[in-house]
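One chain, subunit A, appears in both complexes that follow, with subunit B as partner in the first and subunit C in the second.
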Partner chain A sequence: MRRHISSVVAFVVFAVLAWGVTAEWTEPGGLVSEARASLDRAGARNPVTAVLLSYRGYDTLLEVGVLLLAIASVWSLRRVPSTEPHGAERPLLGALLELILPLVVVAGGYLLWIGSDLPGGAFQGGALIAGGLVLARLRGAYEPRDGVWLRLGLVAGLLVFVGVAAGTLAAGGRLLEYPEGRASSLILLIEGAAVVSIALTLGAMYLGGRPDRGSDEP
Partner chain B sequence: MLALLDVLLALSLVVLAWGAMADPDLFRAVVKLITLGMVMALVWVRLQATDVALAEAAVGSGLTGALLLSSLRRMRGREAERDGARKGQGG
Partner chain C sequence: MSPDPYLLAGAALFAIGLRGLLAHRNLLRCLLAINVMGSGVFLVFIAIGARGPLPDPVPQAMVLTGIVVSVCATGLGLALAERLQELTGRAELGEDDP
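Entry: the complex of A and B
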């Protein structure tokens, strides 16, 4: 009974939204033309990347912080003791991984690089590599260990982003106001660190809890 | 021609969403949710939001699906433990 009520409510909400979109409550306009005109100075030809990392870079900084909060919350749920790799039960997965994992890494790096001109970017590349990490975990080839390197990778995105933001402040401009001509390289730097963080965060989240420490735990 | 594709995609969304919610077999429901994510990615492409489509396919379909399947497996394991304990106590 409850399920039927909720589905009716969901359908009503959907109908209202559909009517709103077709009746054009939302008017195109605002700053679209100005945003598109300044893409070269923003440092990216892909308007989505320009908005994410240049015009609204502060929001993306907070988003990367939210990802760190998310993995901290997942880690606070429980400890996940390391299990014996049971990859021997899945020979096909191993064969697939040998082919796919290098391609996944290359594709993720490609998405990161091409994100400034074409659809792509840090989140997409990071999520793709995280998918590869999940597959490797299923095979037993990737066991996240709570150690210096994992934690460094998890915070790298936020650290670099905050560092760039502090740098722009120190250089006399406003927060995340990239200096002339350096916008695209700074965007690439931020996105590069973000890819590592996003991939490790999403990959570690699959574990469902905090992994064991490295070799220093008895 | 593309209008036909759009209609098919929209219909698939509704059918898959309903199926994911209404299916009593949880595994089938999760599979329908994963498929919903992939169809949603195609919808994003048709709406010319390719960046969103990439993210939806990777996170909404791939990672969420993997997480749900993993949770389902642990749920089944807990249920089996509980049933086993109850049988042991009753017997």
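Entry: the complex of A and C
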């Protein structure tokens, strides 16, 4: 019964949505021309990166905050006790990782660097490196420990972003209004810290809970 | 290239995900259904941005943000489902099946 009702509801929703999206759009193009016109002042040649970190930098700041909020929520839900490394059961994965992990790190760094000109950026590179961390965790080669370094890495992206935002306010401009000529360097600084946070956050979220403290913590 | 097929596909994905969300009790399937709905929304956004002669970067940036947020939400949802499994032994919604 429940399945039939849900199918009917879904079909009605689809009909309404289909009627909505096939309506006559009056002004195709949106903000394309404005976005592309100010790319040199925005500090990036890739329009999507310019939107993400220049025009709508505030949204990206909140997005990095959401990442921290998510991992804090996951950590507050469960504890995941550390297990003995079980990599010996997966020799093929180990052989694959020896080949792939260096490539993953290089590709992630490349995505971060190329994001200013071509599709790429901090989130793409961070997600790729997080995938490498997940593979390493499956092999038992990466065991995150709740300690100073992991927590510092998790908050680094948000800290640097908020720091740059505070700096732009302190320098007399509006929030996240980059000074003349400094936009691309500030974007790279923000993205560099963000890629560390994104990779560590997504890698830690795969654990599903708070890991044990490291052996050097009391 | 007319974006109409992609707009309709996005709407269809949203509806399919909605049907899955309403029909299933297993939390993992509900999370997957929510992800499918999200994919439908992203597809509609991208298709809207592809209407003019040049692709619109603003919806693309919004979709990138949306993907990251939905990954975080899925991760948190999975942790919640695991916690529910630890507490009650099952990761399902409710006990009635009308």
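The criterion applied here is as follows: the second predicted complex is superposed on the first by the 186 of 218 C-alpha atoms of A that agree within 3 Å, B and C clash if a C-alpha of one lies under 4 Å from a C-alpha of the other, contacts with A are read in each partner's own complex, and residues count from 1 in each chain.
Definition applied: a residue touches a chain if its C-beta (ideal position, glycine included) is under 8 Å from a C-beta of that chain, and two chains touch if they have at least 3 such contacts.
Worth saying up front: this structure is predicted, and the values here are computed from it rather than measured.
Of the two partner chains placed by the overlay, subunit B and subunit C both lie in contact with A:123. Look at A:208: by the touch rule set out above, it reaches both subunit B and subunit C. Of the two partner chains placed around the shared chain by superposition, subunit C is the only one that A:51 touches, whereas subunit B remains out of contact. Contacts of A:74 after superposition on the shared chain: subunit C is touched, whereas subunit B is not.
Comparing subunit C and subunit B on the residues of subunit A they touch gives the larger count to C. Contact with both subunit B and subunit C is seen for A:7 once the two complexes are overlaid on the shared chain.
In the superposed model, A:36 makes contact with subunit C only, not with subunit B. Common to the subunit B and subunit C interfaces on subunit A are residues 3, 7, 48, 121, 123, 127, 202, 205-206, 208.
Residues 4, 7-8, 10-12, 14-16, 18-19, 22-23, 44, 47-49, 51-62, 64-65, 67-69, 71-73, 75-76, 78-80, 82-83, 86, 97-98 of subunit C are the ones touching subunit A in the complex.
Across the interface of their complex, subunit A is touched by residues 18, 21-22, 50-51, 53-55, 58-59, 62-63, 66-67, 70-71, 74 of subunit B. Residues of subunit A that touch subunit C in their complex: 1-3, 5-7, 9-11, 13-14, 17-18, 20-22, 25, 28-32, 35-36, 47-48, 50-52, 55-56, 59-60, 63, 66-67, 69-71, 73-74, 77-78, 121, 123, 127, 198, 202, 205-206, 208-209.
For subunit A in complex with subunit B, the residues that touch the partner chain are 3, 7, 46, 48-49, 111, 115, 119-121, 123-124, 127-128, 130-131, 134, 202, 205-206, 208.
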